[in-house]
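Encoded as structure tokens, here's the structure I'll be asking about.
The letters A, B and C name the chains in turn, as written, and every chain counts its residues from 1.
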Amino acid sequence: MTYWLTDPRTWTWILQGLSATVAITLFGVCLGLLLGTLLAIGDLYGGKVSKGIISVYVEFFRGSPLFVQVFIAVYAVPALFNIRIDHNFLAFLVFGLNSAGYQKGYVKGAMQTVLDDQMTAGLSVGMSKWQTLRHVILPQAYRIVIPAWTNEFCSLTKSSSVLAYVGISFFASGISDLTSVGIAVSYQQFVILPVWIVIGLIYLAWITGFSKIMDTIYEKKKIPGIDLEIQS
Amino acid sequence: MTDYVMEAKHVFKTYRIKGEKKGDVKVVDAVKDVSLQIRKGDIKLIFGPSGSGKSTFLRCMAMLDIPDSGEIWLGDECLTKPGVDLNKARARIGFVFQHIYLFKHLTAIGNVELALRQVLKMPKEDARKRAMAALEEVKVTDCINKYPAQLSGGQAQRVGIARAIARQPDIILLDEPTSALDPELTGEVIDTLRDLAHEGTTMLIVSHEMPFAQEVAEEMIFYDEGHIIETGPPSLFFNAPNTDRAKQFMTRIINRTTR
Amino acid sequence: MFDWNHLIFLLEGVPLTLSISLISFLVGIAIGLPLAFTRVYEKEISFVVDIYEKVFRGIPEIVLMLLFFFGLGPFFPTPFNNAFFVVCFVLGLRSAANQSQIYRGAIRGIGDEQMIAGTSVGLSKWRSIWHIMVPQVFTFSTAGLGSEYALLIKDSAYVYVLALLDVTRRADQLRFSTGDYTWYIIAAIIYIALTFPIAFSLDKWGNRRKKKIGL
């Protein structure tokens, strides 16, 4: 029954699937952080129109499942706008857009923890609002946001399993992510339970390992006095 | 060409505080028709009951709060005119806060250097030299690489003062610099301010510290309920103030400090 | 082009979506609440709870569902051949892990004094917990629980992989039969309509209760 485990093709698939999952998830949380920062700043300093657009954006991406959003991005958007875009690119993009919807809240919260006092201090030495945001507010906010960002990473990795069902593939073998590897192996080799246990453990190892690394980085980068205020 | 380093002309500032219930709004008249002139080398001290609006007035002078009406002049420039580059103006004003407000993510020396590099656009080397000089003046040279959270209140506030003087501003505004500190630590800050005063720095201070006022201030300004009630040298207030309100306030203060 | 029957077909998936999320939420409370108190007040077994939470944080729900349904289904057909059961089982346990964290935060926020007060009037540890802490914990947790419930409504879409006809699966079917991709967008709007009011009103209810008890 362990023949599938020693089959090199299985491991090729696993490597492909894992790298796809890692790539799309990391891309997603990084784009999410950048875009989320822009949305947070827009929400704090923008006019009524920007705030309105940002609310709609956030409500859409936070209020509907990523599953449905991927379908929309990959199928509905090209059809509606009558353009041909690479499906894989759209998949990467929608992960980033989705994550930004959540991260806007985390970044805004982190910024508001330091905002009033530190902005006043920055202005008092002659810096402009933007200089203060860039040199004083955001450096502190980014340190505060690391735990939430790590959490978002875990969340997104788990959600990435929907890629197996959207009809995308990143490799000639048809693999789209780690979950699709499980599906492929269980179809081809007629083993089911052990396959899913192994796939599950690989996910667990990756997520737990990455979280541990991020926690260590957070400890190292922590500046005494800057901490997330414990919310009850 | 004006004689004054800074001047306030008929400044008004009101602010609204939202109450607990919906629609509950408390209107506070913090600054009601206040005018003040400061010459080079002046050391003036504003004092009075808490909540009278002194801090708000000081922040208006630095344009950290924008006055509702009236004019604030920095030398020949009117800061309350629309279209004025407030950032450039604030670069010429040093401000020291009651709650210090150091940049928490930077070391002590980093705090002082930041504006030198970003506002005065000084190159790294020069900024560091100037920052070190400022820190030497406030006598905080042994903890320049510590973060604000690792400093005592007195050390932190002195770094705050260094941050304010490093740009060699035209004037330094201090908003109750010792009020948030433990009593044992106020001494070091007051010593620093005394040194600055002897060097001829132009200062406008809001403070309760009466002994310091007596020794260093050239003019004291009694401020209550949004108005300047009375001004004069320290000897006036400590011996025989003219107005009743000032008399009442001074009696209470003196009773408290002489025990 | 727009056929009302299609929309009705799509909306017929809503009861399934709601029942999955509701049952999972209740399972989450039933398991999450004791889990939270165990982690806080019985330090010896808390590492077991820790492992439980790590597992559900680290393995995708879809993988667990496939594991139970296709992997255990053949051996234990009674519960695990039922797609609805498997979904609620997996999401319920996952929710319990999340809710345990939420409740722990609330317990920490309430503080020790309440427990000490309870034991000082003679209540045992677990009776203090039930009569004093639990009601307060719910009041404190409304924001977190609101977002957890919204999360369950969205994650109910995972039942797609077990071929149950919820809103997402139906949108997919409509895409196959009509060739029209906009059904996905309408499905998204339905989900938003489901998540928005719940999170909103739970937030308001929580704030009102907090004011009542003087927070």
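Operating definition for what follows: contacts are C-beta pairs under 8 Å (C-beta built on N, C-alpha and C of every residue); 3 or more make two chains touch, one makes a residue touch a chain.
This one's a predicted model, so the numbers in the text were calculated from it and none came from an experiment.
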item: Chain pair whose interface holds the most contacting C-beta pairs; value: A-C
item: Most widely separated chain from chain A, with each centre as the mean of CA atoms; value: B
item: Mean-CA-position distance for chain C and chain A (Å); value: 21
item: Approximate Å spacing (C-alpha centroids) for the pair chain A, chain B; value: 46
item: Inter-centroid spacing, chain C versus chain B (mean Cα positions, whole Å); value: 54
item: Chain A residues within the chain B interface of the complex; value: 114, 117-118, 120-128, 131, 135-136, 139-140, 143, 223-226
item: Of all residues in chain A, those that touch chain C in their complex; value: 59-60, 62-69, 71-72, 75-76, 79-80, 154, 157-162, 164-165, 179, 182-183, 186, 192-193, 195-197, 199-200, 203-205, 207-208, 230-232
item: Touching residues on chain C, where the partner in the complex is chain A; value: 54-55, 57-64, 66-67, 70-72, 74, 105-106, 108-110, 140, 150, 154-155, 157-158, 160-161, 168, 171-172, 175, 181-182, 184-185, 187-189, 191-192, 195-196
item: Complex contacts: residues of chain B adjacent to chain A; value: 62, 64, 87-88, 90-93, 95, 97, 99, 101-105, 114-115, 118-119, 147-150, 163-164, 167
